[in-house]
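The structures come next, written out as structure tokens.
Next come two complexes built around chain A: one with chain B, the other with chain C.
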Partner chain A sequence: MPTCVIDGREVEFVPGQNLIEVAKKVGVEIPYYCYHPGLSVVAQCRMCSVEIENVPKLQPACATLPKSGMVVKTRSPRAVQNQKAVSEYLLINHPLDCPICDKSGECDLQDYSFEYGDPHTRMTEERRTYVDLDMGPVIVKNMNRCIHCTRCIRFGIEVAGIHEMVATERGNWTEISTIDGRPLETDYAGNYADICPTGSLLLKDFRFKRRVWFLKKTPTTCEACARGCNMEIHQDGNVIYRCVPRENLEVNKYWLCDEGRFNFHYIHDKDRVVAPMARLSGKLEVTNWDRAIEAARETMNAKKPAILVGSDLTQQEAVLLRDEFLPRKFPGAPFFHFGTPEIISSKDDGPADKILKRKSRTANLHGLEKLGYNGFEKLPAGTDAVLIVRGGRAVLPELKLSKIVGIGVFKRKEVESFAAVLPGVTFAEKDGTVVNFQGREQTFRRAVAPPDGCKGLPEVLMTWINHKEGAR
Partner chain B sequence: MSEQERPPEQPFEDSQPETLFIQHFCEEARPLSYYLKNMSGYSALKKALGMSSDEVINEVKKAHIRGRGGAGFPAGVKWSLIPKESAKAKYFICNADESEPGTFKDRDLMRYTPHLVLEGMAIGAYAIGAHTGYIYIRGEYVRETGILQAAILEAEKAGYLGKNIMGTGFDFEITIHRGAGAYICGEETALLNSLEGRRGEPRVKPPYPAIAGAFGGPTVVNNVETLAGVPFVLNRGGDWYAKLGRITNSGGTRIYEVSGHVKKPGLYELDSGSVTVRQLIYDYCHGILDDKKLKAVIPGGSSAPVLRADEIDVVADIDPMLKIGSMLGSAGMIVVSEDYCLVRLLARIVRFYAHESCGQCTPCREGTKWAQDILDRIEGGRGHQQDLGLILQVADNMNAKSLCALADAAAGPIISFVTKFRADFEAHIRGGKCPHA
Partner chain C sequence: MLVKRKTAFFSRFYLFEIILGLWITIRKFFSRKVTIQYPEQRRRYSERFRGQHYIKATNGVENCTACMLCPTVCPSECIHIEAGERPDKEKYPVKFEIDILRCCFCGMCEEACPKDAIKLSTIYEMSSARRPVYDKAFLLEQRGNK
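Showing the complex of A and B:
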């Protein structure tokens, strides 16, 4: 491989990689704002300018491809002076309202200003201010904090495929806005907040909820569709505050759709069934686990039971059902997977848009199919009881039956006709593996503890199997 | 006889060498018939079409035509950078967005000799193998747009433009595109963005326009005056054209535009490198208005670093100017007499660049406005002693640090004005007001 020299170190590089990436590999940080590995290079923040031997002007590292033998200095006096100057320029009109800014703590502008800037200001003129417009339900804009990196504009055009963010006016008066101040239309709007290097574009959903340094981060996989985007769950005190994408170039690159990003809200939904329920005196009511299990067993003690397994379950859960629970308790009973209306087998799954979303709105359709589950179309004739096991996202089919037992995560409304509900845990409350549409096995990681009344599927099934009649 | 009364036909001007353009700067010169009769119109194109493209490019290279837009890049070299084979269509663009303050030569070239520009474009297009041409003209040049449009129709009708030019099978069509009033669109990549219907912002280079310019195709962008010289090169030969220049590497004549406090402002066409700034001001323009003392000269459009009165014995051409730390740029000289406040002039210049910055690059977007605010404060008598050091640093921090040269264009004047005329700025700060007011 060809080599170049960065800050005195000889570095091998893959031709085509820019200086920022090459330097990153050997632990040399070149600061940047406008550059983003998933977007086109515009070289306009000028923060990444470095000195290259025998080149008179400083060169932006983001737009410079190393050549064999090139000698790069990222901390030469001229480069440092430029970093200082750009930091100063970016701050002269910045409101410095970090104490009330949600980006504070994970803000590129804050970090680089500490690292490369000067603690004193020489600006005595009036700062530039803007009047902000509503940007729709996902994003809140504070233009005063903007450093005009135009990542958002490029994200819209290049990734989301919609030219909705624009720069209006020019020069010092440039404003980053939507066309005619319209609300954002893309359903990938959350990414605008992720890529914004300052607190200019923030999630309305997360705003003023938690300082970021309190958040604990758990790498996990999104369960909102068959792509299985890699993401992180950020929680504090057992409450999930947000999900952010995690880089995986082969699955989701750097992005996450809004549906997946805000999917976690059902976990803390007040309508979630978090205690076992059973139809005791004709009415479904909250009870204890023993009674609920008893009611469930009674209900399922039928001539022709059928089992519906949500394609939002993990591989481990599906194997447990297939190999242990079903052969013991329901030998020979038909079992199906369900998840998205109209998507019966993996053949029906396909891209739902040009970016990330898949037609299957559950994460593990492809995995369950691999395990030998068949898609649910309709109940076999004569079925008199149904056991539904699901994770929380699979769309319940309409069943005209009175004998239904649910295991897993449900909303109160969904279980009105059920005979018993054994509350389970969501993807954020368990470990497990799902298989995405590429056949890639990815893991869920437990980020928060489940509510007291809920139990993981293995525990529920064990209780079911070992339950002694009248043990209470 | 005083300077003022001297009639224009002085022996001094009679001795001027033959000029290429300026004697045709009259309304009668505009029609095609005049161009054909008196300027051997379109004979150069005919000659070029009989040559190979390499021969044309070599002739232009020999002529040492340096770009008249400001950067001084040799036109022949620019053409030779265009790849011979290209999957995408090539474009030949005339940059008529003459927007540097102090510059007004292209306007007259287009107004009086539009066919010269069109012929130059056609020759260039043939040399690089382009079949589509654009004239990107600044929006304010309404009259010139009409004149060029009429000239294009005239030339197309006569078979000098359009399909199958003069029966040679070469096609070249020119479209006029009017700018919407942005200085930055005179920068060639911003011009291309604007032409494509995008926001007028300079692009990251590389790739250079010669490889991927307008609509992604190889593109040449030449200034109006550069192109107007091309027919002469073909007609009389590159060597003849190069010899018009009195110094090496700079061929042909050059139109100097002198404005400001001189007795006879206007356009002066002279052989490249044949005059000094002093000669231009005192001989050609008959000296300073009211015989005041000269204070300063901005030698090449408002972005050129200023010259003091004792620095004007420099030859007014590209390389000598660079040597003394200024630049010839578009050769638009702004002459300032002792009566005028230089702080006010600099504040106005910097205000212009702050207003015209596209806002992409941090140093330019923030620096130009900051500098403007500081200068406005000093000019208004509210400056502090530290402001001079501060503004020099602000200027230095935006100099040569952006995508294009706009920030440099603001930094050059700031640095040169403040260092060369520091006393004027200090007088403002100390006195709390403008001494000239």
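Showing the complex of A and C:
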């Protein structure tokens, strides 16, 4: 491979990579604002300018491809002076309202100004201010903080496939906005907040909830569709505050759809069933685990039981059900997977849009298929009791039965017709593996502890098997 | 090993030592006192004394913008803030609570505050019959001599 020299270090590079990426390999950080690995290169922030030997002017590292034998200096006096000057220019109109800005702590402008900028300002004039228009339910805009990197415009055109962000006016008064102040239409609007290097575009959902440095990060996999995008759960004090995408070039690149991003809200939903429930004396009421398990066993003590397994369960849970629980308690009973209406088998699954979303709205459809589960179409004739096991995302089929037992995450409304509910845990509260549509097995770890009354599926099944009648 | 000390016959009465000790007592009895009659008399404390907290207000609006730097820097984690938005202020503390029993009066919150909002006054009489958690209304009342 050809080599070049960056800050005195010899680096091998793959032709086609730009200087920023090549420098990253040897741990040399070149600051940049407008460049993003997932977007096209425009070289307009000029923060990444570096000095190259035998080239008279500073060159933007994002738009420069290394050549064999090239000698690059990122910290030469001229480069440093440029970084300082660019920082000062960007901060001329920046309001410096870091104390009330949600981005502070993970803000590129903050980090780079601190590292490469000048601690003093010479600006005495009044700063430029804008009036902000509402941008729909996902994003809140603060144009005063904008540094005109145009990442959001390029994201809309190149990734989301919709040209909704535009730059109006010119020069100093450039304003980035939607056309006529329309609300954002794309389903990927949350990414605008991720790629924005300052606090101009922020999530409405996360606004003022927590400062980012309090958040603990757990890498996990999104469970909102069969793609299984890689993401991070950010939690503090056992409460999930947001999810952000994690880079995986083969699955989701750098992006995450809004459905997956805000999917976590059901975990802390007030309507979630977090205590065992059983139909005692004709009404479904909260009870203790012993009574609920007893009621569940009584209900399932039927002639022709059937088992429905949500395709949002992990591989481990599905294996446990198939190999341990069902042969012992319901030998020969038919079992199916369910998840999305009209998506019965993995053959029905396909891309739902041109970017990330898949038609199957649950994560592990392809994994359960591999384990030998069949899709649910309708109950076999004569079925008199149904056991539903699900993770919280699979859509419940309509069943006209009174003998239904649910294990897993349910909302209060969903369980009205059930005979017993044993509350389980969501994807953020358990470890496991899911298989996405490419056949890629992705393991995720527990991010938060489940509510007090909820138990993981292994524990529920063990209690079910070992429970003795009348033991209270 | 036990060493038997030889003491002079006269010293064994400890008479001289007793007189010597009493002499200090007698001398201090007539000299200037260092104690004061506390509730009636009070000492002047330094302006930099770190006592009860308060939130400074300008024109009736609290200076605090709920930037959370004080709970970040607080070593005893006694400050709890919830941020919100209202028409006249982009970010303000909906809830601002100081669990004063946990506070160690290090004054780091005052140091970290970019808006000169949380301050420590010279009030040092904070005893209470129940667990005192200072809420926003209490903290906004301007007390002390700052």
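Quick note on the criterion: the second predicted complex is superposed on the first by the 472 of 472 C-alpha atoms of A that agree within 3 Å, B and C clash if a C-alpha of one lies under 4 Å from a C-alpha of the other, contacts with A are read in each partner's own complex, and residues count from 1 in each chain.
Definition applied: a contact is a pair of C-beta atoms (placed from the backbone, for glycine too) under 8 Å apart; a residue touches a chain by one contact, two chains touch by 3 or more.
Just so we're clear, the structure is a prediction, and the values are computed from it rather than from any experiment.
**Q** Determine, for the superposed arrangement built on chain A, whether chain B and chain C clash or fit.
**A** In the arrangement built by aligning on chain A, the partners chain C and chain B fit side by side.
**Q** Between chain B (first) and chain C (second), which, if any, makes contact with A:Gly171: first, second, both or neither?
**A** So A:Gly171 only meets chain B here.
**Q** What is the contact status of A:Ile100 with respect to chain B (first) and chain C (second): first, second, both, or neither?
**A** Touch partner of A:Ile100: chain C, not chain B.
**Q** Once the structures are superposed on A, label A:Glu298 by its partner contacts, choosing first (chain B), second (chain C), both or neither.
**A** A:Glu298 contacts neither chain B nor chain C.
**Q** Students often get this wrong, so check: with C-alpha centres, what angle lies at chain A between chain B and chain C, to the nearest 10 degrees?
**A** 100
**Q** Pick one for A:Glu324: touches chain B only (first), chain C only (second), both, or neither.
**A** neither
**Q** Is A:Trp213 in contact with chain B, with chain C, with both, or with neither (first, second, both, neither)?
**A** second
**Q** Applying the document's definition of touching, compare chain B and chain C: which contacts more of chain A?
**A** B
**Q** Could you tell me how near the closest CA atoms of chain B and chain C get once both structures are overlaid on the shared chain, in Å?
**A** 26 Å.
**Q** Identify the overlap between the chain B-contacting and the chain C-contacting residues of chain A.
**A** The overlap between the chain B and chain C interfaces on chain A is empty, containing no residue.
**Q** Please output the residues of chain C touching chain A within their complex, sorted ascending.
**A** By the definition above, chain C touches chain A via 65-69, 72, 83-85, 90-91, 114-115.
**Q** Name, in rising order, each residue of chain A that touches chain B in their complex.
**A** Counting only chain A, the residues touching chain B are 41-47, 49, 57-58, 60, 63, 81-82, 85-86, 88-90, 92-93, 122-123, 125, 128, 147-148, 150, 167, 169-174.
**Q** Spell out the residues on chain B that touch chain A in their complex, using ranges where they run on.
**A** 182, 184, 199, 204, 354-370, 373-374, 377, 390, 397-398, 400-403
**Q** In the complex formed with chain C, which residues of chain A make contact?
**A** Per the stated touch rule, the residues are 98-100, 207-209, 211, 213-214.
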